[in-house]
Amino acid sequence: MSLYEIRDMAIEIDGKRLVEGVNITVEAGKCTAIIGASGSGKSLSCLTPFGLTPGEALGSIKLDGIELTRADAHQMHKARSQLTGFVFQQPLTALTPHLTIGAQLQEAAAQAGPPRLSRHELAQKLERVGLLRADERLDQFPHRLSGGERQRVMIAAAIAHRPKLLVADEPTSALDASLRGEIMALLDELRAEQGLAMLLVSHDLASVEGHSDDLIVMDQGWVVESGSTADIISNPQQDYTRRLMAATPRLTEPAPALPLVGERLMETEAVTVTFPRPGWRRGKIDAVVDASLNVAEGEAVAIVGGSGSGKSTLGRAIAGIGPLTSGTISWQGDILPERRARSLSMRRLIQPVFQDPVASLDPQWKVCDIVAEPLKNLRPDLLRADRDRIVENALNDVELSAAYLERFPTSLSGGQAQRVAIARAIIANPQLLVLDEATSALDPLVGSSILNLLAKLQQSNRLSILFITHDIASARRLCHRIVVLDEGRIVEMGDMAAVIDNPNADTTKRLIAAS
Amino acid sequence: MTAIPTLLVIILASFFLMRLAPGGPFDGERPLPPETQAALQTAYGLDKPLWEQAWLYISRLVQGDFGPSLVYRDFTVSELVAQGLPISLTLGGLAIILALLIGISAGLFAAVRAGQAADKTIMMLATVATALPTFVTGPALALLLGLWLGWLPVSGTGEGWSWLIMPVVALALPVSGAIAKLTRAGLATVLKQDHIRTARARGLPETKILFKHGLRPALVPVASYLGPAAAGLLTGAVVVETVFGLPGLGRYFVQGALNRDYPLVLGVVTLYAALIILFNLFADLIYGWLDPRMREG
Amino acid sequence: MSGQKHHPSLSGAGRGYRKHWPLWVVLVLIALALILPALLPWTYDQIDWDAVRAPAFSGSHILGTDEIGRDRLARLAAGTRVTVMVAIAAALVSLVVGIAWGATAGWVGGKVDEAMMRFVDALYALPFMFIVILLMVIFGRSILLVFVGIGLVEWLTMARVVRGQVMALKQRPFILAAEAAGTPPLAIILKHVLPNIAGVALAYLMLTVPQVVMVESFLSFLGLGVQEPLTSLGILVKEGADYMDMTPLGLLLPGGLLVLLLVCLTIEGERLRDIYS
């Protein structure tokens, strides 16, 4: 008998059926992964049996011989607290802010019952998950720890009472790309060491590939396909799975055919951006230091780095929408001044697209006015009718029909909103697009369709692109060259294929391992 | 530490404002003879340059000397303050304790029963309570419990502590309503947060989740309301002392204000400001206890 | 899974008159306060020597008369009118000052913001009511000063709220996109920033009105606000409290009316605030 077995489960919230026909099996010492886009019901399926969502689970759910759907309070308590441990997505908010790490770990360990652990034992548990200076950590509050450290604490707490099942709901997706590999490796190690069964939830196929034995693919509340991970990946049966796999960028896929590169367009020299420290204290924060790079006509350059690496700040300085402390940005040899001093004709050359598509559209404006905004400023000579026609064409270019013209952003999905944002960016015929994590907030299928759209525009409009991202695999689909940033400094730069095959900097190696 | 400079600025600002005012304390019904006027001015130091007066005032203030009262001629301001401050502090202190007790428990109760009839009723009552001005509830309570039912004394301090009940309740009502709403809203936000789900995943009982993991962060908005609440209580005390005929600071302040008694008004404003600043420092400490992230400024 | 948020608009704030009963109560009361004086045979300051302290429903005095024979209903109408007028004027002063201060601090940011908001924090910590009283004492008790004084004090919350909103908006990518689109700074503020804070500002304006009503009545109650022969709800409460042992109606009527106004305005304001924030 398997440790954890779900048969024909349905989940309802307020009488509304959101998930149906789910079968999950997890064996001791093995890992089963559920993947799916947001709204697929993957998190709901793994948390609802334990009463951690507002939903109600129907069907048969057996954990270590206990039938959870018919469990009394005592059995439920045993299942939730003694048999199972949980790791959640947001390490920043998943720990109670006003209790010390030690207190929370003690509380977690107490699920197994007395005796209380000694301070030394608690410290050992932290050391086991790879935290340095463990004894000191016990007295600290969660906000003193970094995101990666907090997720290690979460893992230590989740296994402190030696559970049989570990439920990990997107344990790495809120972490910096370079940390993801380490956390997944830690989970694998603990699973092997303690014979844990693990139920892993992710939105991202690539992140579970090497770690799960079985795989369940979900879409809109249904299981699309399930089986052994290796089988599904080598030979997917369902169309949805095949599309999902095609949408997941991989470093192993064949290199794409990229457009030819022309003359050098944009060049930065020793660009430095410093911010004053917040508050009255003196001092500065160096966000970008001495960054020199260039982009040629038709060329796409990836700027890759973890969070806080300064990649967005650099992109904003280039696009003229962020501060520039020193250094120069030039366009075909002419210097582009910093933000307020840029003329309209300079503005037209470089346009940005942002990560959060909904936040990048003014909620009070209609789509037609949003897309027309650059045109009104940059081409004031246009007649109203001409402008309307250009706006419609731009929507057409991003594969949206004219029906969207009168809609408000709040009624758009993430993918549609990002298309509108791209239409606004290309409408005034720019020559360089600065894409700041433009696909990373989107579901894989949507993100990949946006990548395809960008590739099409790159070809048809001979656009140059600065592709700012943490994900080398998706950058590889579009970019000729790569620039790796760490703590504001360029640590590596070169041809995409050459850098991936032979990375020099540690940051680059970590980012490649995470892709 | 910005407390001392803030206090100094308040003292100086009110000092100069008072001196700018047209009309003085000696403008009676009948104009006094010029020589009497001059004598009075000299006696009270009003003929010296403004800066010198300000300097004199502050240097005496440091020694606890607020100067003579111009209206209550037989008393110094220090004497009046020494008499009034204990009464005002008792009123304000009891009122804030009562308001915290009522407000936090009502808010907790409502949050636990979120969405149910009890929650809606409590929140409606809290909204009504916040809209109850002390100058309406004070007289209304006096009318009901004092004049009609005869349970409590209507005026003065009298014997025992029964004279405190009505003034303290009138003062505490609006504050308790506001605290109930803040507690309820704070808990509603916190109980949705991830760390509550973590606690729940550990199989903790709901009461333990509420009190150990939920309540402290939920009270952060209450802590930041304590400063304004203290200011509100002090202003409320002015009314309550007037209505119930209690010789507290507030009544002296109103009398001083109506009669242009500069030293008295200045003295009371200085004390009030100092009290409120002290209270804000205290609120900051609570803040740090509620949420350790606030401890590093 | 993500529920689609509706475009917030006033009509979306809850359809139907029933949901907005507090607002309607306030509007009806204001309308009565405006119309009644024209219909009543007595003015608010006219003394009926034949009917001093008349009980309710005696002759032409529907709610009776006060200690010196003035018609209660006429005085209530006049008092409400003055109180509401002062409240609206003062709330508008706070709106203008608060938006100007908060938007400047939020938009300019940095040390300027820091200094401007420290100033607001310092004022917040003050016994502001005493400062208003100080102003009243110094510059004389005129009705104009009452609302300028109150408005100048009540702008603090508005400034904080607007500043917070502007700070948050400034970070939103659509503001950066507008800059990249070549929209000049002033146009960004007028076309992108202000429309997006209008809802919140309106909600806090609604919440400022009961605050101001409270402050004005407080001052008038102490004899430091509106002066006779003008009257306001605060003065009426004061008069009622002085003679409550003989004519309790004199306290209960204006007190009840004041509380009703305050409760309705607060409920409506909080509802608006919850929608926009």
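All chains are identified by letter, namely A, B and C, in their written order; residue positions are counted from 1 within each chain.
We take it that a residue touches a chain if its C-beta (ideal position, glycine included) is under 8 Å from a C-beta of that chain, and two chains touch if they have at least 3 such contacts.
All figures in this text were calculated on a predicted structure; none of them were measured in a lab.
Chemist: Of all chain pairs, which one counts the most C-beta contacts?
Modeler: B-C
Chemist: Based on CA centres, what chain would you say lies at the far end from subunit B?
Modeler: In terms of C-alpha centroids, the chain at the greatest distance from subunit B is A.
Chemist: If you average the Cα atoms of subunit A and of subunit B to get two centres, how far apart are those centres in Å?
Modeler: So the centroids are 50 Å from each other.
Chemist: Any idea how many Å lie between the Cα centroids of subunit A and subunit C?
Modeler: Subunit A and subunit C have C-alpha centres separated by 47 Å.
Chemist: Per the centroid of Cα atoms for each chain, what is the distance between subunit B and subunit C, given in Å?
Modeler: Centre-to-centre distance between subunit B and subunit C: 22 Å.
Chemist: Indicate the residues of subunit A shared as contacts by at least two other chains.
Modeler: 279
Chemist: Spell out the part of subunit A that touches subunit C in their complex, as residue ranges.
Modeler: Interface residues on subunit A, with respect to subunit C: 38-39, 276, 279-280, 316, 319-322, 339-340, 344, 347-348, 350-352, 354-356, 359-364, 373-374, 377-378, 408, 410-411, 421, 424-425, 428.
Chemist: Quick check: in the complex, which residue numbers of subunit B touch subunit C?
Modeler: Going through subunit B, the ones touching subunit C are 2, 6, 9-10, 14, 17-18, 20-22, 127-128, 130-133, 135-136, 138-140, 142-143, 147, 227-228, 231, 234-235, 238-239, 242-243, 253-254, 257-258, 260, 265, 268-269, 272-273, 276-277, 280.
Chemist: Can you check the complex and tell me which residues of subunit C touch subunit B?
Modeler: Those residues of subunit C that touch subunit B are 122, 124-131, 133-140, 210, 214, 217-218, 221-224, 234, 237-238, 240-241, 244-245, 248, 251-252, 255, 258-259, 262-263, 265-267, 270.
Chemist: Which bits of subunit B are touching subunit A when the two form their complex?
Modeler: 193-195, 197-204, 212-213, 216-217, 290-293, 297
Chemist: Enumerate the contact residues on subunit C facing subunit A in the complex.
Modeler: Against subunit A, the touching part of subunit C is residues 1-2, 4-7, 110-111, 114, 172-174, 176-185, 192, 195-196.
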